[in-house]
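Shared between the two complexes below is subunit A, which pairs with subunit B and subunit C, respectively.
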Partner chain A sequence: MNANTPIKHTQGETDLIARFETARESLAGSVSVGALRAASLAQIQDKGLPHRRVEEYKYSDLRAFMKSAAPLAAPAEAAAVRQALNVQDSYGELDRYRIVIANGNFAPEVSDLADLQAEGVSVADFAKALTEDGGSQLLGAPKTAPGDGIVALNTAFVQGGVVITVADGAEVSKPIELVHVAASHGACVTRSRIRVGAGAKLRLLETFTGDAGAGEINAVFDYQVGDKANVAATRLIAGDAPAPRLCTTIATLGEGCLFKSLGFVAGPDFVRNQQFIHFVGENSEAKIYGVSMARASHLADQTLIVDHAVPHCNSREFFKTVLDGQARGVYQGRINVAPHAQKTDGEMMTQALLLSEEAEMANKPELEIFADDVICAHGATSGQIDEDLLFYLRARGIPEDEAKTLLVLAFLAEAIEEYDEDDVTAGLETRVRDWLAA
Partner chain B sequence: MLEIKNLHARIAEDETEILRGIDLTVKPGEVHAIMGPNGSGKSTLSYILAGKEDYEVTEGEILFNGENMLDMEPDERAAAGLFLAFQYPIEIPGVATMEFLKTAMNAQRKARGEDALSIPDFMKRVKEAAAHLNVSMDMLKRPLNVGFSGGEKKRAEILQMSLLEPKLCVLDETDSGLDIDALRVVSDGVNKLRSPNRAMIVITHYQRLLDHIVPDVVHVLSKGKIVKTGDKDLALELEKNGYADFIDAAA
Partner chain C sequence: MPAVQETIDQVKAIDVDQYKYGFVTDIESEKGAKGLSEETVRFLSAKKNEPEWMTEWRLDALRRFQQMDEPNWARVSYPKIDLDDLYYWAAPKSVEGPKSLDEVDPELLATYEKLGIPLREQEILAGVEPKNRVAVDAVFDSVSVVTTFKDELRKAGVIFCSISEALREHPDLVKKYLGSVVPVTDNYYATLNSAVFSDGSFVYVPEGVRCPMELSTYFRINEQNTGQFERTLIIADKGAYVSYLEGCTAPQRDENQLHAAVVELVALDDAEIKYSTVQNWFPGDKNGKGGIYNFVTKRGDCRGKNSKISWTQVETGSAITWKYPSCILRGDNSRGEFYSIAVSNGYQQVDSGTKMIHLGKNTSSRIISKGISAGKSSNTYRGLVSAHRKATNARNFTQCDSLLIGQDCGAHTVPYIESKNSTAQFEHEATTSKISDDQMFYCLQRGMNEEEAVALIVNGFVKDVIQQLPMEFAVESQKLISISLEGSVG
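Presenting the complex of A and B:
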């Protein structure tokens, strides 16, 4: 079946292969979707889960971490979904619309569909769309994403999600929270396509709540941003979770648009937040931010490829990481500039603050430039809390713990503030405080 | 208020001895000036009072209102009423001045068992104090000391001092980097805080500051010891003749 030497499967891989056999009949999709799923599973079967000898996963060995794989979550019961939503507290009282995905599937009954319709936003069931003609196109991805192991894992097992379509020119007046609820234990594998029409404006809050137990969460967000559209996508991955949290953004940007994203990571044992950004239209801008916190022996990985395939686009990447205990942080950021993508302006910065002796940060900024008239810069720093700053605050009567909180918050807030989305600033800063107080 | 007895101290890292037996008693209501040449230990004394960890006390004691100050953490000393106006106020990016002031004031109140200030009460206090010191609202919104000029930094220090209402103020070369006008604003701010219940230690190189903040007692520090104590006229004498006479006396 394959030309490569067969690998010896780990328990996690064996579980995944068995999971596929069990779920195969119930996984949604047309014949061609089924073929894509099978091919993706074959990739896992042949190459295994992504591991440290794969360059992109050198610092985040999913294969070693994922010692077993839980079954896919069963369809959610309505009462359990409502209960999980009741205790959910992502952005407090923030006025927003809600779209819910529960145990991997769209839950229209708890989503604000009528209100969204009135704003020019339609929401369809991703699982259903997979069964329709052309459903397999929903699983397509631009050139930097398809070979990725986490995306392959998603394609093999995707249960459902939503297709959100924002009409041309629609400026959605409130943020939309796309809530992923785990109403019972089990893996949740979702994919959502977000189509933003020309000149439209969308603020999307991607959040996760509930207890998936030993089940991994694998969510892919596929943004197709129309000309002159304006999008901000804030992803919040927080709370305790023993199983992997794997999130992928795929963004395809049209002409003259602005795409901003912020990936906020605080808490789970193993988080990989990866983004593949593609400029296909000129004069567009991408502003990508990351804020990560990890302690104990946890891992927080922010990985990013920005592909400047066309001229006259700007990208800004700004990532902040705070690590304590024996935690590990990873930043891998690559800016590709194609040979004809002249006048590209890319600026990448990653900064880490290490609160303990044993914490470890891997910063890997990369520029791959084939054009000759571009401005690209990158920088990386790792350091400890400045003792002089700490002493100054303490000399004013602020106890040591509180002074450290103030300094860590100040460090992370730089990225949150530059992201400049007032709707989420307070909520995210509260999360930082919660993490520091835990 | 403050009793320093036979204080010996050195730099923790390389064990260089800086203070070699300081004795100093400061009573409520008094303003003491400490003068001395570069390297005499003036700033070291201020840092040791505030509790900076870079120094090690090898002998002697410091009593602050009867309590052993060397056993207290820097934040406990501040809550007990000590304030050090830094020679070089540090820039703290990302911490808004207003937020910092509120955190510091409430932390000290909490340590003393008092209730936190209400927002209107806090704002009122800040606005009043800021007006006297020519500190603009724009400055208060900016991160602490970031992008402040030398004069603005010193005014911000005195603003903190007036809001925190300390019992003992230690001013470490507050005049350095100030032009004449700024010196006047800062000195007026300090003089406003003089009271029978509050004491001050003013550390300076130059007599100039003491024209504005008139001390009750002047000490000359040389090679880690107080070599001469007098009234305000001692400062004038120093200005005229330099430190040479006293340095020789110490040797």
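Presenting the complex of A and C:
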């Protein structure tokens, strides 16, 4: 397609353009934020939603999938939010703080703000911050994917979210759960800025477990991790949702810090979990894990770019995918090593287990290396359950279904255990079992 | 290790921009008009006395080519090639059908001698009974000049000739297989090749025949401004076996030269084709000026049951390499292999890899790729392994390792692994590293100097692939690798 000829918009794109016209006035932000929003929508208008001819979306054709776009979700009623929270209690007994984002907006009345204040964590409304000076600087794009379509979509429509600031040296004693609730139908487009001060420690749970919702969820998390800080971000994308679930992490890591993340995906029809990790300080470490489960004709896409822009940083990427039915699994990972990023150590692994004849897995683990004194490796495997292992278990009197469950659990546990956040991931086994039994 | 010592000597003896094969042979040559048009194609086709259907085939390709855009996905950059500023036909004037070597221009023979082609060597003249005979179909610019060993091959029933000759003498075979592996519109450069291919080799090994010797073509781009568009077609009929060697050198030039070849391999039931390449075209001088653009489409079709195609390549030359020798594993139990060494130095850009497309049951493939990147070069492995719905029990093992020498080079790995069948088992591993300090220390401590140590370690790094090469290529390859890396240490 020639760049000069206007594209023919799909119904989904037409809906989005109309949605922008409708919502324009009510979307928060200063003048410069408004200009950014308009420019981002113009990108969608010109190029369309990301589709399979765009290399980064080769296997996840959002343009084809998003046949329509619902209007943005209206502000939520307090009662509806409380009810939704009761249903979506994803972590049960786990002792945690809670921050709620309902229908795309920060809901302070149901969030544990006072306790957090005492721990050195302040929480502000992202929508309000957009209207203040420098608001447009909150809408950054990943350095390694400046024109990403999902981030552009987010910038155009972002309703709200939170700005979390963890004070220098504050070690938050309990995990903070950032619960995303859709109390009514409609799209929820959120963005959160998480500033972690020097030497601080934060464990964040980003939860998207609501069922239903005709509208897409598009959430961007922008982490700014200070020197010697320690962050663990657990993302849970589950539930039975027909509209796309699009989650993006942009993380900028200071010196000597540790950033860990686990992206757990099970359920929705179309999930794209993308992460852009950017090292700006030396001697830091990123450990990125992913677990995806998909069935029917669903798609689970885990995409990752780790950008080693400075020397002496380590990164570990470990992804597991289990597919059933006609599901499609996608892993696209890239380790970039800049020309002067010597002594980089990067290791990436992706493994897929195909439970059915018709499941499909696409792995694309890339290395892009411009420095010579580095150690980088990647591996990829895909296959079905090992007959020998199955036989071993069955020979010991374990029924076939239970044996398969055990093997799938063991397969996924390799990544979950390495993530090493046992209290947080304790409930995931139940989720895997439920998913397999469904 | 004698080979290593030899490598070191080579490195010492040769300076970076004293390209060993950089000479120009001055013999008169006949050229067609510059530019790409229907007239050019008709002229070319008429010059070669091609049948009418071939001319039409070319014209059809040209029309389709004119609708296509140049691909830009590869990690290479170069100034736009002006296709209208190229000659599509250049032939040494003296080749009005030489009947024997004596009729060949002595200057041509001198060229081959410099290249080290054993064209009129002991095997023919001294009548030595050779154990490993090599038949050479030498291509000098665009026309096959001399084809040796034809008689012996004929006795075995093997057809080995230039594709122009095959068009005249075996039109049915050519018509049946040409374009059946790489369709006319496969990609930009393959389509261009289809329209204007000059010449190349044609091999047909009949049913049940094991080709009695290794077949070989030496390519040589000589005439300035001549895009060279080789077309090679190799068919191994049921139960046949053939091993084919391709080696390339080109004279030193300031102007970039375009090379867009197409190689098609067809293996029927139980047949095996082994295709080995040593590519050593002029890579440009130490400032990145000049050099060959090598945009090649190579593909093998394992069409029959139990067939096997194996690609082995040593890539040390060319300013830009864009090359993905592939296997379509169509027949049940068929097997594809790809062994590659790609060395880049100076300002070379390599974007190379393979595709293994598993279509049949119980198909297997193996990819071993070793990239060595030095100087200011960029070296990318780009590969696809895919198992289609019906490819039950497909197996793949891929290993691609990169070695970086120096701070200004880049090494990239871009694998695509697509599995649409749950019984398919794919394994892929890749590493990138520099020569470890421990290895260097070990060598230096034993009295080697730095260059010797690097040569030793690199030769060890690529050993898995070198082992797959026929003997004479293996020796030459080790030399080439060390020459290519000259100047990269320190």
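Rule of thumb we're sticking to: the second predicted complex is superposed on the first by the 429 of 438 C-alpha atoms of A that agree within 3 Å, B and C clash if a C-alpha of one lies under 4 Å from a C-alpha of the other, contacts with A are read in each partner's own complex, and residues count from 1 in each chain.
Simple rule for what comes next: a residue touches a chain if its C-beta (ideal position, glycine included) is under 8 Å from a C-beta of that chain, and two chains touch if they have at least 3 such contacts.
Keep in mind the model is a prediction, meaning the values are calculated, not measured.
S.K.: When the two structures are laid over each other on subunit A, do subunit B and subunit C clash or fit?
M.R.: fit
S.K.: Check whether A:Asp240 is in contact with subunit B, with subunit C, with both or with neither, and answer first, second, both or neither.
M.R.: neither
S.K.: Please indicate which partner A:Asn363 is in contact with in the superposed arrangement: first for subunit B, second for subunit C, both, or neither.
M.R.: The answer is second: A:Asn363 touches subunit C but not subunit B.
S.K.: Please indicate which partner A:Leu407 is in contact with in the superposed arrangement: first for subunit B, second for subunit C, both, or neither.
M.R.: The first partner, subunit B, only.
S.K.: Between subunit B (first) and subunit C (second), which does A:Gly383 come into contact with in this model arrangement: first, second, both, or neither?
M.R.: After superposition on chain A, A:Gly383 lies in contact with subunit C alone.
S.K.: Among the partners subunit B and subunit C, which is in contact with a greater number of residues of subunit A?
M.R.: So, of the two partners, C touches more residues of subunit A.
S.K.: Have a look at where A:Ile398 lands relative to subunit B and subunit C in the superposition and call it first, second, both or neither.
M.R.: first
S.K.: On the A-aligned overlay, A:Glu109 touches which partner chain: subunit B = first, subunit C = second, or both, or neither?
M.R.: Neither partner.
S.K.: Could you tell me how near the closest CA atoms of subunit B and subunit C get once both structures are overlaid on the shared chain, in Å?
M.R.: Minimum C-alpha separation, subunit B to subunit C, in the superposed model is 14 Å.
S.K.: Which residues, counting only subunit C, touch subunit A once they are in their complex?
M.R.: Residue positions touching the partner: 73, 389, 402, 404-434.
S.K.: If we count contacts the way the header does, which residues on subunit B are in touch with subunit A in the complex?
M.R.: Against subunit A, subunit B makes touches at 50-53, 73-75, 77-79, 84, 86, 89-90, 92-95, 100, 103-104, 107-108, 111, 143, 160, 164.
S.K.: For subunit A, which residues are in contact with subunit B within the complex?
M.R.: 387-389, 391-400, 402-403, 406-407, 409-411, 413-414
S.K.: Provide the residue numbers of subunit A that touch subunit C in the complex, in ascending order.
M.R.: Its residues touching subunit C are 55, 339-340, 342, 352, 354-384.
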